[in-house]
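After this come two complexes, each holding chain A, first together with chain B and then together with chain C.
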Partner chain A sequence: MKAYQRPMAGWWHRNPFYLWYTLREASALFVTAYALVLLAGLARLRQGEAAFDAWREALASPASLGFHAVALLLVLYHAWTWFKVMPKTLPFLRIAGRRVPDRAIVVAGLASAVLFSTILFVMVKA
Partner chain B sequence: MRTIAIECLRYDPETDAAPRRQAYEVPFTDDMSVLQGLQYIKDYLDGSLTFRWSCRMAICGSCGMMVNGVPALSCETFLRDFYPGPVRVEPLEHFPILRDLVIDQRDFLAKLQSVKPWLVPRQPAPGEKDGFLQTPRQMDEYYQYSQCINCLLCYAACPQYGLDSKFTGPAALALLHRYNADSRDAGKAERMEIVNAEDGVWGCTLVGYCSEVCPKGVDPARAVNQNKIESTKDYFFRFLKR
Partner chain C sequence: MKRSNKPIFWSLFGAGGMLAALVGPMLIFLTGIAAPLGLVDMSYARTLALAQHGLGKLALFVVIGLFLFHGCHRLIHCLHDFGVPVGPGVKASFHGFAILGSAAAAVLLFAL
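On to the complex of A and B.
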């Protein structure tokens, strides 16, 4: 039986849903890049105070600030997307026999992320 | 009466090398679905237009199509929502086109059969004489998944299936989970082979669009991703079972 198979080329921008998905996946590259910058900082710290200060100075450059601004936005989006799908990765949670609504799981995840980030921020600032 | 242009993807395997578009001007009332628009075309404008349909009330799962690029049941998608148009109607994405709006479902039907979508009865517990009893909570574990009508909208929404049709895919895995999650069933061990396979749950990257487009409120993305945990447990616990 003859049949026509449509090509998949360009599928990721055919539908806004796929575009957001592709952005989620691509944001992982920025998460990785940011982690590598932090790791480099750790390596520089091991090399001594002068090396660490040079690394910190490099972070203050406009290019670095630009990268961090973009990375922050993408990391936030990345985190949001994973909290959003978190209920799908869990078996049904039940408290006192009642199923916990998906919304509650998402909100609890986001709230705990905000809480612990704030605690960390205050600790570092103090 | 208002009219709207319906642009259909046409494909005749005997004469066409590739699909083409054909537009029809269709008069419509507010209560007319896209399916009724297609039926108008077939009855009054072009009898050669080919499409599947049956129940007209979103339960048979036959009339799934891409409507303006979104997988939808054409019987519960209304022309009024697309006015002034045009409405682009295409066969479900990711499946081979047999003719016009009709896709080849055989790949899915084979996958559906492979997941053993039936109860494999377990051994009755002592004293369990009158069939298997089930509490509302036990039923709640699988009920949502049992609402699947095999309409294939989720496959048309899944780019992973489009990129590699070996992937077992959302509906088949959701139905697999529907039986695995049933307290009366004992077929889990047999089905885990499909879950664990490269083309099983691990073919999913959690795009999540399958669950968005499901017309029956099934959450295939959840079934698939819950079973990533099951598959991981299966992998590690086999070392303990020896």
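On to the complex of A and C.
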């Protein structure tokens, strides 16, 4: 006996909400690939200076720059959605017995991202 | 009843998602765009020094490992969303991939 399976083709672009949802989920593909790019860099680093420079040269190719540009946009969107749902994914926070408002949680999350990213930038640029 | 492994993988997914939300865009910009364009220094000497420093090792391991766990876990849900049946085998392969990748990063960092 074969169970009925409802068709799944094309659902994700019929409704803007689902399209944005799918874009956010697609960020996972880029986060995974980015981790593998870094892992490859580590392997090349281990092989010595010539191998590492070849990896760096590959990073400067148009394909790689394009990949990282798309990854940057999708991960930015991931970050936005991550903090936007944080009032729902965190347990209720209370300060002095009063519940922290949802808005404050979102703003604190976004502010932390800006703060940590700035610190990282300054450390790397220095 | 057998204990579920869900809390472990969900925690790793969550930690990776938080890390990616906090510094993911900046990391991608620095290593994937700014460094290749010559805006920041990612030379062999500087990167080796980072990978040989204890805190640098820890940072690289955490970023690679948690990004893999976050990405692979979310990809399992993507498969489901696109109508691919997800059984224990598929889950184990994706989580296994993240475990292998993290282990590879650990071995490389240990050897550097």
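The working rule: the second predicted complex is superposed on the first by the 116 of 126 C-alpha atoms of A that agree within 3 Å, B and C clash if a C-alpha of one lies under 4 Å from a C-alpha of the other, contacts with A are read in each partner's own complex, and residues count from 1 in each chain.
The criterion applied here is as follows: a contact is a pair of C-beta atoms (placed from the backbone, for glycine too) under 8 Å apart; a residue touches a chain by one contact, two chains touch by 3 or more.
None of the values given here were measured: they were computed from a predicted structure.
Of the two partner chains placed by the overlay, neither chain B nor chain C lies in contact with A:106. Contacts of A:124 after superposition: chain C is touched, whereas chain B is not reached.
Look at A:12: by the touch rule set out above, it reaches both chain B and chain C. Chain A has more of its residues touched by C than by the other of chain B and chain C. Contact with neither chain B nor chain C is seen for A:23 once the two complexes are overlaid on the shared chain.
Contacts of chain A with chain B, set against its contacts with chain C after fitting on chain A, overlap at residues 5, 8, 12, 25, 89. Chain B contributes residues 11, 13-14, 16, 18-19, 69-70, 93-94, 96-98, 104, 137, 140-141, 159, 162-163, 205-209, 211-212, 219, 221-222, 225-226, 228-229 to its touches with chain A in the complex.
For chain C in complex with chain A, the touching residues are 14, 16-18, 20-33, 35-37, 40, 42, 44, 47-48, 51, 60, 63-64, 67-68, 70-75, 77-78, 81-83, 101, 104-105, 108-109, 111-112. Looking at the complex, you find that chain A touches chain C at residues 5, 7-9, 12, 22, 25-39, 41-43, 45-46, 49, 52-53, 56, 59-60, 64-65, 67-69, 71-72, 75-76, 78-79, 82-83, 89, 109, 112-113, 116-117, 120-121, 124-125. Within the complex, the chain A residues that touch chain B are 1-6, 8, 11-12, 14-15, 17-18, 21, 25, 85, 87-92, 94, 97, 99.
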